[in-house]
Amino acid sequence: MSRPSDRSPDELRPVSIIRHYTRHAEGSVLISLGDTRVLCTASIDERVPPFLRHRKKGWVTAEYGMLPRSTTTRTDREAERGRRSGRSLEIQRLIGRSLRAAVDASVLGERTITVDCDVIQADGGTRTTAITGAWVALRDAVNWLLYHDLIADDPVHRAVCAVSVGVFEGQVVTDLDYAEDNRAETDMNVVMDDRGGLIEVQGTAERNPFDRDTLNRMLDHAGKACETLFASQRDALEN
Amino acid sequence: MSRPSDRSPDELRPVSIIRHYTRHAEGSVLISLGDTRVLCTASIDERVPPFLRHRKKGWVTAEYGMLPRSTTTRTDREAERGRRSGRSLEIQRLIGRSLRAAVDASVLGERTITVDCDVIQADGGTRTTAITGAWVALRDAVNWLLYHDLIADDPVHRAVCAVSVGVFEGQVVTDLDYAEDNRAETDMNVVMDDRGGLIEVQGTAERNPFDRDTLNRMLDHAGKACETLFASQRDALEN
Amino acid sequence: MSRPSDRSPDELRPVSIIRHYTRHAEGSVLISLGDTRVLCTASIDERVPPFLRHRKKGWVTAEYGMLPRSTTTRTDREAERGRRSGRSLEIQRLIGRSLRAAVDASVLGERTITVDCDVIQADGGTRTTAITGAWVALRDAVNWLLYHDLIADDPVHRAVCAVSVGVFEGQVVTDLDYAEDNRAETDMNVVMDDRGGLIEVQGTAERNPFDRDTLNRMLDHAGKACETLFASQRDALEN
Amino acid sequence: MSRPSDRSPDELRPVSIIRHYTRHAEGSVLISLGDTRVLCTASIDERVPPFLRHRKKGWVTAEYGMLPRSTTTRTDREAERGRRSGRSLEIQRLIGRSLRAAVDASVLGERTITVDCDVIQADGGTRTTAITGAWVALRDAVNWLLYHDLIADDPVHRAVCAVSVGVFEGQVVTDLDYAEDNRAETDMNVVMDDRGGLIEVQGTAERNPFDRDTLNRMLDHAGKACETLFASQRDALEN
Amino acid sequence: MSRPSDRSPDELRPVSIIRHYTRHAEGSVLISLGDTRVLCTASIDERVPPFLRHRKKGWVTAEYGMLPRSTTTRTDREAERGRRSGRSLEIQRLIGRSLRAAVDASVLGERTITVDCDVIQADGGTRTTAITGAWVALRDAVNWLLYHDLIADDPVHRAVCAVSVGVFEGQVVTDLDYAEDNRAETDMNVVMDDRGGLIEVQGTAERNPFDRDTLNRMLDHAGKACETLFASQRDALEN
Amino acid sequence: MSRPSDRSPDELRPVSIIRHYTRHAEGSVLISLGDTRVLCTASIDERVPPFLRHRKKGWVTAEYGMLPRSTTTRTDREAERGRRSGRSLEIQRLIGRSLRAAVDASVLGERTITVDCDVIQADGGTRTTAITGAWVALRDAVNWLLYHDLIADDPVHRAVCAVSVGVFEGQVVTDLDYAEDNRAETDMNVVMDDRGGLIEVQGTAERNPFDRDTLNRMLDHAGKACETLFASQRDALEN
């Protein structure tokens, strides 16, 4: 078997994380994973949603969108159709949960950080790439709060990244691009923290049910890939 | 540790599956898992959605809703707000994928089976309970097609059921009710087939990241619970 | 002439009123009239809508919905279409007005009771059946308020029920089922109180205009049927 | 007792029916009943809605709206809020049913007549005034079809008009204006044909239930008022 | 060349401005320009939108709509479609900006004047006709405020009117009706004040780009036409 | 007077036009004008909208959006609010008209080119920058059609670009950035073709009405700036 991209089974596509990509947001990151490119901007709002008011806690949330021609054929603009797709809502809920796992809401104070993840170009793995980039944007926005003395302690207690793994032509592979994703037997998104903990595991049998052994081998791949991604996050933050 | 319901860690709540609950639908099942009650009706439509036209394949899909006062406090009617919640869309996408895993779409012919899962009373685990009930409603609807000679072969090639498992007060438990779900450290929904295969695994760290060992113990619990649920499905279908 | 159901012209279908059908709502009633089944739940909210604020009065309102496959062929989910149908809105306005006629809003205090009427199975007469069941759910919710000493006096000053009457094949008949309703010449919904007063009369010439004599004979039928329905309400409340 | 307008109990407000009020519509009528003014335009479309296709029948329907400042205080534009109010939908369904009672759909042929009723100024009785005016607009639109030889026979087999009656300060009165409507004990809208038949009767107890005798006296008032309204329709059509 | 209406190139259609056309609004004007008729009502609300709160300034805004059969063929009701068209929103933004140019917001005080412009009959130039009529309605509403001593000084510091000009069959013409508008090479809407100042200029090349000389000749036409329109506004206000 | 950016009155910000910015679209251009950055992608669809069917003509249209944090403070996602803002619709209508002025629709054939203009970073002049970039994306998409022999002749008969001009602190200036735009007395968007023709002129008095002389001086500025922009378009297309 060979992968359409000729990568080895456990090989990630090249990662690039550009910080300060746009100038208005408190955190702004353009992340690329091969041809998948996502702009992640973190915005601070000195208010919390109604269900959290007067509880001395902050809120971290995410929104996800695709530019109409980020995809192979043009996708209708959700704003034009007047409603979000189920897929977009599902993805932004996943990103939001993943980021909240990284933050101590009571240290953040009564403010909201919204991370917008907009896909500029899609080639598979947009949701996991968004999570990896969104965490860096979140990190920068929190650094902005610390720098401006708006909070005293750092509410970010762990790094978070994500990767897709799956089974393609019978073999467990890391980081499926669109050509693989389309024909994969199993697809799994794994969100991890930088101590090896699992934050979210979402595995789907696209064709045939999978067994426990396959699940565990996919998690091995995910764990290894996340080490690389955490290194990329650290490199970006050190520059 | 003791569970709020005094159940043992791997104990499911009592299951009840009533077929032919309403009379218009080709499949109509009221499933109860403890105090969680979901009405699942399968409707046959002799058309397929536009993206499948002229491809000699059928389609199986699901919709999920909660009656406004199925919950502890009343939830606004989605129809009144004018849009579906992200949660509902995410759940109905999961139910739809799970049911499609059970069916050979080309044997089904150019028709759609829609399984509506409406929660009459919620006490945790509504999405997994819906899947278990929906499969029986689907089975009945397909039997109706076979009985009326609308299809020659049975497109349902496996049984599917689902259960929630999680970590509550440090212990892996099966089938969380609302009292547990609310305070669980980890929550995982597992969809399986009747040969032990995994169809969907969705695990979420609600408080702290979880490790591989915990994941595997949760899957042990899920596997055992699904055996009971498959037996309940079989019992219901034999009556 | 004989009715499709072989009932005599002034014969109601069998009535069943089950209280405490679900456990979260302050009032929860499953009412069946023949094959028409409606779940009516009354929810108390310690707020009033904006137009009533600071006026020391309560509010009673209703919402009406049909489960997608409560009908012969599946009806699209209103939440999915993103808007309520005119029929649903018209019906829930009627139910709300009928219930408000039973209640002294100033005795209720600044709170809202919302009665959700969800049709589980439809076979004609869903709106009138909903009113008859909703009143029992309202009664139970108010009893809950009295029992918990949240109000001192009983704001419910009359019982309310409703029935459909009409002209089918030239004859005045009581309680049209779907087979009759579809072909009726005239259709009238009558809401009454337990002292014989009329709360709402809505008569529609489906084919030919009707005369005053027919109107009065339909009201005779309605009056008689409501006596039975009030007895059913009382029986249910005594158990 | 005296009415706020000093009218006698059975006195209608002055009626004015201006035909050809705007020039594009096949039928265009400005009807005034006192200070209530409604523009009714009938538009012909050589298509029928999907549910009637290939059935060799026509369709008559109505839409109802209020200009934002037709009312005492400004009402939000429904288009701006993005949805129709329940009241508007209920009213336009009533107008549509009333007009369909006047027309033989199979003689009309496969075309739709839509009568738009837009309230320019509101002072009570807008829905009944709309029906009386809409019938004249419909009559003109059908005359246009006959004149242009698009249909051979006249599908309009009866005139239809409507009036509101009610109980105000204990007395049955005809044609309530806003000052009365606001404080009426009972409110009833009656749609009749020009042979004395009842097409729609909608009576509502606004304060206390009403009895059969009151109902019949209100119908006496309605019958008398409709005679005047039919004469106004005839006068307008003869000019 | 001759214009379809046989007017000379710089000839406006007959103007008519009827004040106090409806009775509820603080300003109510029916303006006709030939067969184009627009009802403009100005409503005062003692609140400002959220973005202006506590800034001691008022707000003037406009909404624009067309009755469904104001046009040659019936246009769907925006409320029925559930959203405003881009054209309507663009027009009401233009009307609002034009009116705000006439008013000193800080003299108006913390209140909103909303001018609703509803097209009763369309024959080209509805947006410019709406502006000319809306200013008179605004003037009357402000006079109402002055008369009732709600403001001490007059916030209206200039008159505003508008006209469409364009190029039709190679010739610059004033006030295009629908027959011309449809086939015009260039179309320009000009909003002016009564001292000859330009408030808004919107010129569009419908077929071929236009040059500076044509632009200036169109502005000559507009300037002359606005003189007539200002005279009509003054005449109406003096009666 | 000095401009906040220290530019001379007729000085454009630096222009950059990057073609082939994303890989899926037939035309994909990232245009920057100072800190304003817009991604313009042109997508070809081998269908036309319903109103053009069977007329042997093509259609060119545009959509415009802003990423939520392209602005100084975060703007709500239109898709989340469920409707487009009037501003967005107005802008995309302007872009569409401008592009259609460049194309012979009958030479294009029965296909649609949609140019999506998404603002990555906003600093004034987004709509005019979008037009300048969109024309290049359109040019590339048409070249793609020519290269693949889908059309024989070139339907693009002129280049189109746009610039904003205005009056800032009493002086006519070219290409207002956000700091100027916010405080400008007059703001004008000018769309031109490469032969000096005017395609669209939209001038708005933000504070005081402007006179004809100012209008003409603003057009002088616009003409000069467009020469530079056309040169940038040509440079980009030659590389």
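In this document, chain identifiers A, B, C, D, E and F correspond to the written order of the chains, with residue numbering beginning at 1 in each.
Keep this in mind: a residue touches a chain if its C-beta (ideal position, glycine included) is under 8 Å from a C-beta of that chain, and two chains touch if they have at least 3 such contacts.
Everything quoted here is computed from the prediction, not taken from an experiment.
Undergrad: Indicate the lowest number of steps between chain B and chain F, counting one step per move to a touching chain.
TA: 2
Undergrad: Which pair in B-C, C-D or E-F has the same interface as A-F, with over half of the contact pairs matching by residue number?
TA: Repeat of the A-F interface: B-C.
Undergrad: Which chain is most remote from chain A in terms of Cα centres?
TA: D
Undergrad: When the C-alpha atoms of chain A and chain D are each averaged to a single point, how far apart are the two points in Å?
TA: 59
Undergrad: Could you state the distance in Å from the CA-based centre of chain A to that of chain C?
TA: Once rounded, the distance between the two centres reads 50 Å.
Undergrad: Which chain A residues reach two or more other chains?
TA: Residues 82-84.
Undergrad: Mapping chain-to-chain touches, which pattern fits: line, ring, star, complete or other?
TA: Shape = ring; chains linked end to end, path closes on itself.
Undergrad: Once the touching pairs are worked out, the chains link into a ring; list them from chain A, going toward chain B first.
TA: With chain A as the starting chain and chain B following, the sequence is A, B, C, D, E, F.
Undergrad: In the complex formed with chain C, which residues of chain D make contact?
TA: For chain D paired with chain C, touching residues are 83-84, 86-87, 89-90, 92-93, 97, 101, 158, 188, 192-193, 195-205, 208-212, 215-216, 219.
Undergrad: Tell me, which parts of chain D touch chain E in their complex?
TA: 22-25, 28, 35, 37, 39, 41, 43, 45, 63, 65, 67-74, 77-80, 82-84, 88, 114, 116, 118, 120-122
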